[in-house]
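What follows is subunit A paired twice: with subunit B in the first complex and subunit C in the second.
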Partner chain A sequence: MSRRFVLALTALLVFVSGMLPVLSMLLRSLRNDDRWSLAAYRGLLGSAHQWALMEHSLVLAALVTGLTLIAGVPLGLLLGKTDLPGRRLYTGLFAVPLLLPPYVLAVSWADLLGPDGLLAGMAGPGIARATAQWLFGLPGCVLVLSAVFLPIPMLLTMIFLRTVDPRLEEAARLLAPWPTVLRGITVPLILPGIALAAVLVFLLSFGEFGVPTFLRYDVFPVESFVQFSAFYDFQAATAAAAPMAGVTLVLLLMEAASLRGRAGQLRLSGLERGLPRIGLGAGRMAWAAATAGLAVALVLVPIGALVAQSAEVAAYQEALRHAGDSLLRSLVYAGIGATLLTAIGFLTGYLVQTRALAVWRAVDSMTLFLFALPGTVIGIGLISLWNTPWTNLVYATPAIIVLGYLAKYTALTSRISATQLGLIPASMEEAAQVAGAGWARRMALIVAPLARRGLAAAWLVGYLFSLRDTDITMLVYPPGHDTLPVRIFTLMANGEPALIAALCTLMIAASVLPLALLALVPRLGRDLQDP
Partner chain B sequence: MNIVEIQRVSKRYGRQAVLRDFSLAAGPGERVVILGPSGCGKTTVLRLIAGFEAPDTGQVLLGGQPVSRKGRILVPPEARNLGMVFQDLALWPHLTVRGNLEFGLRARHVPRAERTRRIRETLERVGLGGLEERRPAALSGGQQQRVALARALVLAPRLLLMDEPLSSLDLDLNLRLRREILALHEALGFTLLYVTHDREEAFDIATRVVLMHRGCVILDGSVEEARRRLRDLGRDSS
Partner chain C sequence: MKRFASIALLVTAVVAGIVLWQRARVPTVHPTVVVYVSEDQVFSEPILQDFERETGIRVQAVYDTEETKSTGAMNRLIAEKDNPQADVYWANEPIRAEVLKQRGIAAPYVSPNARTIPPMFRDPQGYWSGFSARARVFIVHEAVKDPPHGVRDYTDPRWNGRAVIANPLFGTTTAEIAALFTIWGDAQGRAFLEGLKRNQIAISSSNGESADFVSAGRYAFALVDSDDAVNRMRHGKPVFLVYPDQEPGGLGAFIVPNAAVLIRGAPHPEAARRLIDYLLSPQTERKLALADCAQIPLHPGVQGPPELKPLDHIRVMPVHYADVARKLTEIQPLLRSWLGL
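Now for the complex of A and B:
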């Protein structure tokens, strides 16, 4: 098979799995009784309640974005640029909440600050009432989502720091101390990364519905879900999803216009050990203590509360009895999803890196748009496209869940692959070509082995994000095929706190499982850590 | 008193010894060229002087004061009052020509009127008057070289370090810029420490040549002495 054919097929697959459902959904929202109609939109836009929900969502997203940037960028600089002791450990710790379904963290904070939480046991019901009142509402949503999305600006800052040519900083170091160099040279150079982080955090917070639902704060994405699952009003559901797609599109276009695509073109400047690091000097231990304090407060304490809440064998027995099959399905679907995401991400990453087809930019933008799009919108779109008698083979089987993973998460594996492929000199593939190898052989024997670290990282990221997916799976799973996050979410309303905590702890265990396996396979672990 | 002095410095990266018992001194107004093949440690010498690296053993002095010694940097780069032109120029792409020159002046709290005057004078001196608001990407290769030179000179350093600054230019431009560097040296009187692997460039620029091989000095002498030694080495190897 020729290179152009395979890449064109991949581009088509990305379109069919993600964009076609969204387009189908938009089309369906404009049809009423086999006629074109704006009735659903009129109902939506004429409702004061909907506008209030939209305002809630926008305020929540703006607050979370502001807070994560204020904390995440300095944290990224501290972990990515200084000689802080234990920075790899802290990076891993702060990243943990991003690997879990966001509502797991909401549950863990409720186990700490809620009316039946640990604090209630220690400080009395009066204090617990006050903290619960604070947690269940906008402040709680901001706290939980900020902890969940803090790793995005932190990690993007760290990644973009590695794209800064060390000479540019050294040239400035001859003239000014580090704080001035960071302000005047380094941060402006990584602005595309910070802007990308801001847009992603805003859109992910805007589209989040699990945490606001649990913490009882009404937001717009819930509307689409409720219209579909409670009233089965598909036209209203699609109309409610359309504004979210619009906001996503507008923000991404603004980001693309202002940065002219610089955020997507990562060129790592060299090996980490070659980068100039800021010596923290005498303040090193104080910085380390402050970082440790933040990690404990944002990650370890809430997760510790969750584990403490479920600290009985009976709770885990009950959890496995209730959701053992869901756990197994989650692992299988996430494994299949990750494998397909890695393969497709590798091909789209190759397409973006080599620009082998004219549509490379469209494919890249499409994957980013779909990643930023609320999961509920993709879910509604998938139902809209595939729920027909002729496509039941897909819709009535777990294939629809995996399609959802491909639609939403290809951007992640594609960009990881593109960055890794950018580190491989073009001459490597050219040399194989000169030697007479066809494209498939070159990819299999030269390019893929050289990009193995990126492929392994892409698989891991694909697995983690497929495993934590709630929004899409919740809408599309066929009867008898729910996953663990969905089962927990449905049990959350009426389940025993100890049972929910045990299920969430199992969810965390399933998420860290591949990381533990990596630790057991030292060579692969080293490969991933040492880019 | 010497402007710069390196005393018995050694430097390793991992297992690889880059400098071995290396010593060098340069007095006021001298033009010292460090000449040697790729990988012989020339750039490391400049990085030690600039303060980006600390020597494993020995010490580096500027104006008679120790600035780094035995694995420790005593004076950070920004306090060493020296200028440097990097091999890849390292012009800040997000700043204009003015911004590139102004960065160091601002860091030293030079008043605005004084900044404007010094930037204008320096740019005119290197023949870039009127290009203040351009970004580096909008300049030709030769203009970029001049911006890098102007950025290094705008703070009136006593010592200018140049790391193969002309290696990427065609011969015509290379020759023209050599003349300009010499003219600037004549006018401003700084001490020049210039690294290159090109013999003709070295002999053209230098008042003194330091020949390096595998991290060691094999000759520190006049241009004529350097020519002779290189001829002898050529004969020996043939």
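Now for the complex of A and C:
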């Protein structure tokens, strides 16, 4: 098989799994009684309620983006650039919320601050009522989503720090202290990473559905879901989803335009072992204490509340009885999803990295667009496209869930693969080509082995995001094939709090377990220095 | 070694995928029934598991979530009308069952177990059969000395700003509003809605939230489902329940039975009929009565939840659920505009 053929097939697969459902949904929303019509859109634009919901979503997304950047970028600098003790531990701790379905964090905060939460038991119902009122609404949504998405600017800052040429910083250090160097050299050089983080956090908060629903704050994505599920108004559901797709597109275009020529240049410096670190000196322990305090407040306290709520063996026995099958299915589907995501992400990453086809930029943008698009939109699109008697093999089987994963998360594995492939000198593949090896052979015996650590990281990221997916799976899962996050959602109606907490704790365990594997995979790029 | 582990992991995942895929597409040896469920999973799943155990028929279920106001399953049935995946729909109220009948998605089936269920709670042509009901009741805070007696109390100035009702666009509240319209007529129905607004009655997102508000003392009373009230009472909240409009000649309490529906074109019709028989049996009603959902049995002589009166001791609102379903669709634009949407 030729390189062009395989890469074209991959691009087609990405289009079919992701863009085709979205386009199909869009087309159906424009048809009314076999005629073209904008009625659904007119109804949407004419409703003051919709505009109020849009305002809610924009305010929520802006606040979460602002807060995560304010906290996440300095945190990334602290963990990625200084000699802070326990850096790796803190990085892992702060990353935990990103690995979980966001509503699990919402449940854990409710277990802490809600009317029947731990605080109510300790401080009395008066205080608990006040904290519950604060939690259930915009402030609670901002708190939970900020904790969930804080790792994005933090991790991107840390990754982009490794792209800064240390010689620039060292030269500047001859003339100025570290704070000035950070302001004048380092931060401007990692601006593409910060911008990417801002765009991702904004879009993910904007499209978030579970947390605002749980915390009773009406936002735009809920409207789309309710239109589809509570009124069965397919046209209105799509029309309600269209502005979300529009906002996503506009932001991605803005990001691409503002970073033209810079964002695509993510190259690890290859010198990370020798990266200059900022010595915190006498303040080292104070910084460590502050970081620990933040980790306790944002991660350990809510998760601790969850564990405390479920601190009975009976709750876990009950949880396994109720959801053991769902847990198993989650692990299997996430495993399959991650394997396919790794394979497809590797090929799209290769396409983006080598620019082997003219459509490389379109494929890259398409995957990122789908990642940023709310899951409910993709879910509705999948139903619209695949719910026919001829496609039951897909619609009536778990294949529809896996297709959803591919549509939504290919961007992640693609970007990881592209970064890893960027570290492999082109001369390696060229030498094999000169020696007469075909493309498939070169990929299997040269490129893939050299990129194996990237592939492992891609698999783990694909696994974690597939495992935590709720929005798409909840809409499309075939009868008897629900996953653990979906099961938790359906059991929330009248389920015992201890049972829900135990299920959420199991979800955390299933998510964190692969981190142990991740710890075994050395950091990207080490291969090049230590082949 | 690491490479071997990676390959083993990959192979395991692929093999597991293939096995699972095959299990999904190849008909299993055991008979199967596919059921979409709007009743809360916590309460419905044990019943379905008992059915599996007693009959050997494998149950595959899709459950609703609270976020879709328990209408997601029905809407999925509508979406799949030309490509049915489900055999049975377990609705948590009969209005959706009526909508499915009116849309040509339900098929008739008269279960032998439906014969002793009062005719009011089943479709005359057998398109759905009711079982295990909730009553619409007032949950009242203990501090209230002179509780409300009927739904019209919502418009009494005595309760101005002191009562709450769930969003009338969703669930059993929308069904009860539609039921009131069928009994009172449109003019009185509209006047009632205007009265609610004039009396500054608060709107909550769900019956559960209404019950929580009353339990917390934020409002004096709310019209909720009997299971919401019983649940708060069992948790020791300072509330009690009142059956509305029970005076002689009164309107009566609106009763909301579950409903079992056979789906037209069901892939497993025989297993579907057996499941419906099971759902409509007295033992299922007994289990649902004694569970936390505290549902009122419709079969005579079946033990009910201790906190609630048996059906024959309640003055029941005399409605035809088919009329209520039609009226519900008709007044939806009115309700939306009443809510300012």
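Simple rule for what comes next: the second predicted complex is superposed on the first by the 512 of 531 C-alpha atoms of A that agree within 3 Å, B and C clash if a C-alpha of one lies under 4 Å from a C-alpha of the other, contacts with A are read in each partner's own complex, and residues count from 1 in each chain.
Everything below uses one rule, namely that a contact is a pair of C-beta atoms (placed from the backbone, for glycine too) under 8 Å apart; a residue touches a chain by one contact, two chains touch by 3 or more.
Only a predicted model underlies this, so the values are computations on that prediction, with no experimental measurement involved.
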{"item": "First, second, both or neither for A:252, with subunit B first and subunit C second", "value": "neither"}
{"item": "Which superposed partner A:397 touches (first subunit B, second subunit C, both, neither)", "value": "second"}
{"item": "Which superposed partner A:189 touches (first subunit B, second subunit C, both, neither)", "value": "first"}
{"item": "Which superposed partner A:174 touches (first subunit B, second subunit C, both, neither)", "value": "first"}
{"item": "Subunit C versus subunit B, contacts on subunit A by residue", "value": "C"}
{"item": "Touched partner set for A:165, first subunit B, second subunit C, both or neither", "value": "first"}
{"item": "Subunit B versus subunit C as contact partner of A:336, first or second or both or neither", "value": "second"}
{"item": "Footprint overlap on subunit A, comparing subunit B with subunit C", "value": "none"}
{"item": "Subunit A-facing residues of subunit C, complex", "value": "2-3, 6, 9-10, 12-14, 16-17, 20-21, 24-25, 34-36, 40-43, 45, 59-72, 74-75, 78-80, 82-83, 85-86, 170, 205, 209, 212, 216, 231, 292-293, 340-341"}
{"item": "Interfacial residue positions of subunit A with respect to subunit B in the complex", "value": "165, 167-168, 170-177, 180, 184-185, 188-189, 191, 276"}
{"item": "Subunit A-facing residues of subunit B, complex", "value": "50-52, 76-78, 80, 82-84, 86, 88, 90-95, 103-104, 106-108, 151, 155"}
{"item": "Complex contacts: residues of subunit A adjacent to subunit C", "value": "47-49, 115, 129, 213, 216, 222, 225-226, 228-232, 234, 322, 332, 335-336, 338-339, 383, 387-389, 392-393, 395-399, 452, 456, 474, 477-482, 487, 489-496, 520"}
